[in-house]
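Report on one structure; see the data block that follows.
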Amino acid sequence: MSMRQMELEVLRYDPEQDEEPRFQNYSVPCVDDWAILDALNYVKENIDTTLAYRWSCHMMVCGSCGMMVNGEPSLTCKTFIRDLPDHVRIEPLENFPIERDLVVVLDDVMEKLRMAKPFIIRKDPPPEDQEFTQSRAALYKFKQYTMCINCMCCYAACPQYALDSSFIGPAVLALAHRYNIDSRDQGKAERLNLLADHDGVWECSFVGACSEVCPKSVDPAAAVQQMKIDGAKEWWKQKLGGGKS
Amino acid sequence: MSRQPYVRPVSKTTWYMRNGRYRKYMLREVTCLLVGVYCFLTIWVLATLASGSPESWNALLASQQTPVMIGFHAIALIYFLIYQSFDWFKLAPKAMPVQLGEHKLPDRYIIIAHYVAWAVVSLFVFWLAGVI
Amino acid sequence: MEKITADVVIVGAGGAGLRAAIAIAESDPQLDVALISKVYPMRSHTCAAEGGAAGVKGADDSLENHFNDTVSGGDWLCDQEVVEYFVNQAPRELVQLEHWGCPWSREDDGSVAVRPFGGMKKKRTWYAADKSGFHILHTLFQTSLQFPTIKRFDEYFALELLHKNGKCRGVVAMEMRSGRFFSFQAPVVIMATGGGGQSFPFTTNGAIKTGDGMAMAYRAGVPLKDMEFVQYHPTGLPGTGILLTEGCRGEGGILVNKDGRRYLQDYGMGPETPIGEPVLKTMELGPRDRLSQAFWHEQKKGNTVETPWGDCVLLDMRHLGEKKINERLPLVRELASSYVGHDPVTDLVPVRPVIHFMMGGIDSNINGETPMPGLYAIGETACSGLHGANRLGSNSLTDLLVSGKRSADRAAAYAKEAGKVVDDPVIDAQAEGVVTWVRELLQQQGGDESIARIRREMKSALEDGAGIYRDEEGTLKACLQIAELRERYGKIEVHDKSNVFNTDLQQALELRNLLDVAETVAEASLQRRESRGAHQRLDYTERDDENYLKHSLAFRQPDGRPRIDWLDVTITRSQPGVRDYSGGKSE
């Protein structure tokens, strides 16, 4: 393992001192197998303890450490310096208000999570004292959409969300879809009534940036397009069937 | 309060210049203008046909056969082919996944199926038009 | 300071905290639940657990088996009535989670699948690929969203317990984003803040595992039980400490030393089993303490492999094949490839034991009750006596659910009986005192100590003095070093003076909690002069049931090292026996 000197240009913002964000440079001696998060931790421990950012698991599963790395929404524990140039610009996730330094305000999306009704909705009671029978094929169907770690990189990539934050957005819609296609769920109509709407799936113009940046390959763009089809089908079903289910 | 969340401004007119991904997306979306032009053209053709006047019809044909218009149609067709169709076909598997057991049908089969369907429909239209 | 009244305050929104919140919201929707967490719930470290959750499933398995495996796995330090209740409730809780949408992996017939796990006689570990903890956490979090009576306070850092006349009265917390302080007053506080693995240098634990709840209870006079028992997980990635699940071995992975020898057979876990056909409870499916101890011996003998990140052994999963690895261990493949550059499909993966879990914690019983009325503890934060001296893998995730539910039921009953906290100037003054202390810490200038340096030295002290093997001199040295570090803590300076999301202050507060946890680990390790489970002494190599079939209780002393007291273990059915993980025996 060898060392590598990296130049970090990090966005700083302390509302008690700054009118607006500014950049601060740090020169960091890195070990070559580090992730960029390790470089930030080095800065915080040895150079500047005032730098604020979120992180926890360092194994791509908690979703805390999403930031813009050279303009790309990235999970910093999964973005390795071996794939980066010597000069790295680090900014908080796009399309979210900046709370402090690299910490963004996530209230909007956290609130929107409820709108997906992300829980099993049943009309009939579940089997007593035992699990639902669910074939491996049925599990496979929705499995990839369960992988979302809520890192919000997709929201940082989505230009529709950038232009209009009333858009419900990729992760929340993908989560709704995950439940819609789970064989144990019976709440599809309920979710679609809410989400197959102006601020929901129809705000999406299939830019596809969300799926390109998703660190867990959830493919939220696919979920949204599938929900558009489901939404249209459901609309016709209700029109022809007469009334909402 | 000490909090003052800072909202970074997003330009409604130049946001797509931010990165290559967005620029490519706009190149795809701009094809909607061409779609608009061809809609107008279609209406013009239908109106001319409905008028029953051979002079109007010949004038319409002549206007589309100028070098400038032929050039426009050639470029529009190629642009459609490359951005509209290729791009949309590439994305089609996302909207219509085909699951076989615990696997997904690889995207390329769905994409190829779209090209085949396109070819079939095109041949039919050419046949209707008497081109073939 | 703003005051918020509730019926139940839950600190920590990981698996246990969420399960408790849901239990109360479902059964007692008239109770106000305040769920406080220093991170958004989906960041809780439950998400990093990989392998699975144990609960009797197969027709050839029995509650008796699960009970015996757990008690012997815990080297008979378990409180057996707790274990009995636990194994009994486990299947029900896991089914409930499935009903809530948890994407458990399935057998061909559509029933939930179970996999083999260390120290278990039969397959009974329910799993969701190798992201079981992640799926459990997200299922619980998403399910909790349907209950309006659960009011969440995300990114509120709980600072101290409020108590009066020995009874719990709530917590004081700081809102991270604004630096404002809140006094949460309730007759019940349920601590669900996880363990304190960040007190060690090499750990699977994320940054947030700083023992906050343990420390708060400790400072409020509640003892911490069995703190000497810290679990090393045998297969962590060197350098980062990232976890590679026990499921790797459950699916057939083997451990070899530098000579390619499956060395576990030399430590009482043989004979060697056929490659790819693991036999339960022997060789690579032995209990975690034995496997980690084997590594220590191999290292002493010079049989370990030298890597850029230190000495390791090698985990061989190549014989599993790409298909099986992609299906059952996809995260493991990604982690090994990304962080150490070895793809388990084609390479051997270097691994070493890393700190993973604390069997010890806040002294609690089968109901989650602690010696302080109104204070409950669940999950890793608690020491209910379930895990004893060594936890079996996959018992912990189930424990989140079982202890979460049971304690919530008891806590709700207590809260209804006790009623909301009425305005009390004594409690208000106590809360103000906490705020004053924090403000003083923030404003103190001219300190020459750095948080990072004290933290590093604490970690070294514990790794050297309270590691896999301990002795009198080493543990005493650790105790003294930590006492000195507590002194030096008084001279730190928090350079960040902002009120807005001050992570410098947060780390200072977390360090204080870690030091509290660390001093109990070191002291208890010193004073337990026997070897049992995960606590192994070079100078007292045998288990001593006559003197030490007891739990250690660490009480905070105002000036000086903790006082250790002892509490008898509850034996119901299973008398202490021999832990035999060699093949071809019956138990």
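Letters A, B and C name the chains as they come in the text, with residue numbers starting at 1 for each one.
One rule holds for everything that comes next: contacts are C-beta pairs under 8 Å (C-beta built on N, C-alpha and C of every residue); 3 or more make two chains touch, one makes a residue touch a chain.
Nothing here was measured: the structure is a model prediction, and the numbers come from that model.
*Asks:* Out of every possible chain pairing, name the one holding the most C-beta contact pairs.
*Replies:* Counting C-beta pairs in contact for each chain pair, the top pair is A-C.
*Asks:* Which chain's C-alpha centroid is most distant from that of chain C?
*Replies:* Centre of mass proxy via C-alpha means gives B as farthest from chain C.
*Asks:* Between chain A and chain C, what's the gap in Å when you average each chain's C-alpha atoms?
*Replies:* Roughly 28 Å, centre to centre.
*Asks:* Based only on mean CA positions, could you tell me how far chain A sits from chain B in angstrom?
*Replies:* From the centre of chain A to the centre of chain B is 30 Å.
*Asks:* If you average the Cα atoms of chain B and of chain C to get two centres, how far apart are those centres in Å?
*Replies:* Between these chains, centre-to-centre, one finds 57 Å.
*Asks:* Where in chain A do residues touch two or more of the other chains?
*Replies:* In chain A, residues 15-16, 99, 105, 136 touch at least two other chains, as defined above.
*Asks:* Chain B: which residues touch two or more other chains?
*Replies:* Chain B, residues with two or more chain partners: 2-3.
*Asks:* Multi-chain contacts only, two chains or more: what residues does chain C have there?
*Replies:* If we look for residues of chain C contacting two or more partner chains, we find 177, 498-500.
*Asks:* Within their complex, state which residues of chain C touch chain A.
*Replies:* 39-40, 42-45, 47-48, 92, 95, 98-101, 103-106, 108-112, 131, 134-135, 138, 142-143, 145-146, 154, 177, 206-208, 239-240, 242-243, 308, 331, 334-335, 338-341, 450-452, 494-496, 498-504, 507
*Asks:* For the complex, give me every residue of chain A touching chain B.
*Replies:* Chain A reaches chain B through residues 13, 15-16, 20-21, 71, 94-95, 97-99, 105, 136-137, 140-141, 157, 159, 162-163, 205-209, 211-212, 219, 221-222, 225-226, 228-229.
*Asks:* In the complex, go through chain A and note every residue touching chain C.
*Replies:* Result: residues 1, 14-17, 33, 44-46, 49-64, 78, 80, 99-101, 103, 105-106, 110, 113-114, 117-120, 126, 129-136, 138-139, 142-143, 146-147, 149-150, 175, 179, 182, 184-185 of chain A touch chain C.
*Asks:* Can you list the chain B residues touching chain A in their complex?
*Replies:* 2-8, 10, 12, 15-16, 18-19, 21-22, 25, 29, 91, 94-97, 99, 101-103
*Asks:* Mind listing the chain C positions that touch chain B in their complex?
*Replies:* Chain C residues touching chain B: 177-179, 498-500.
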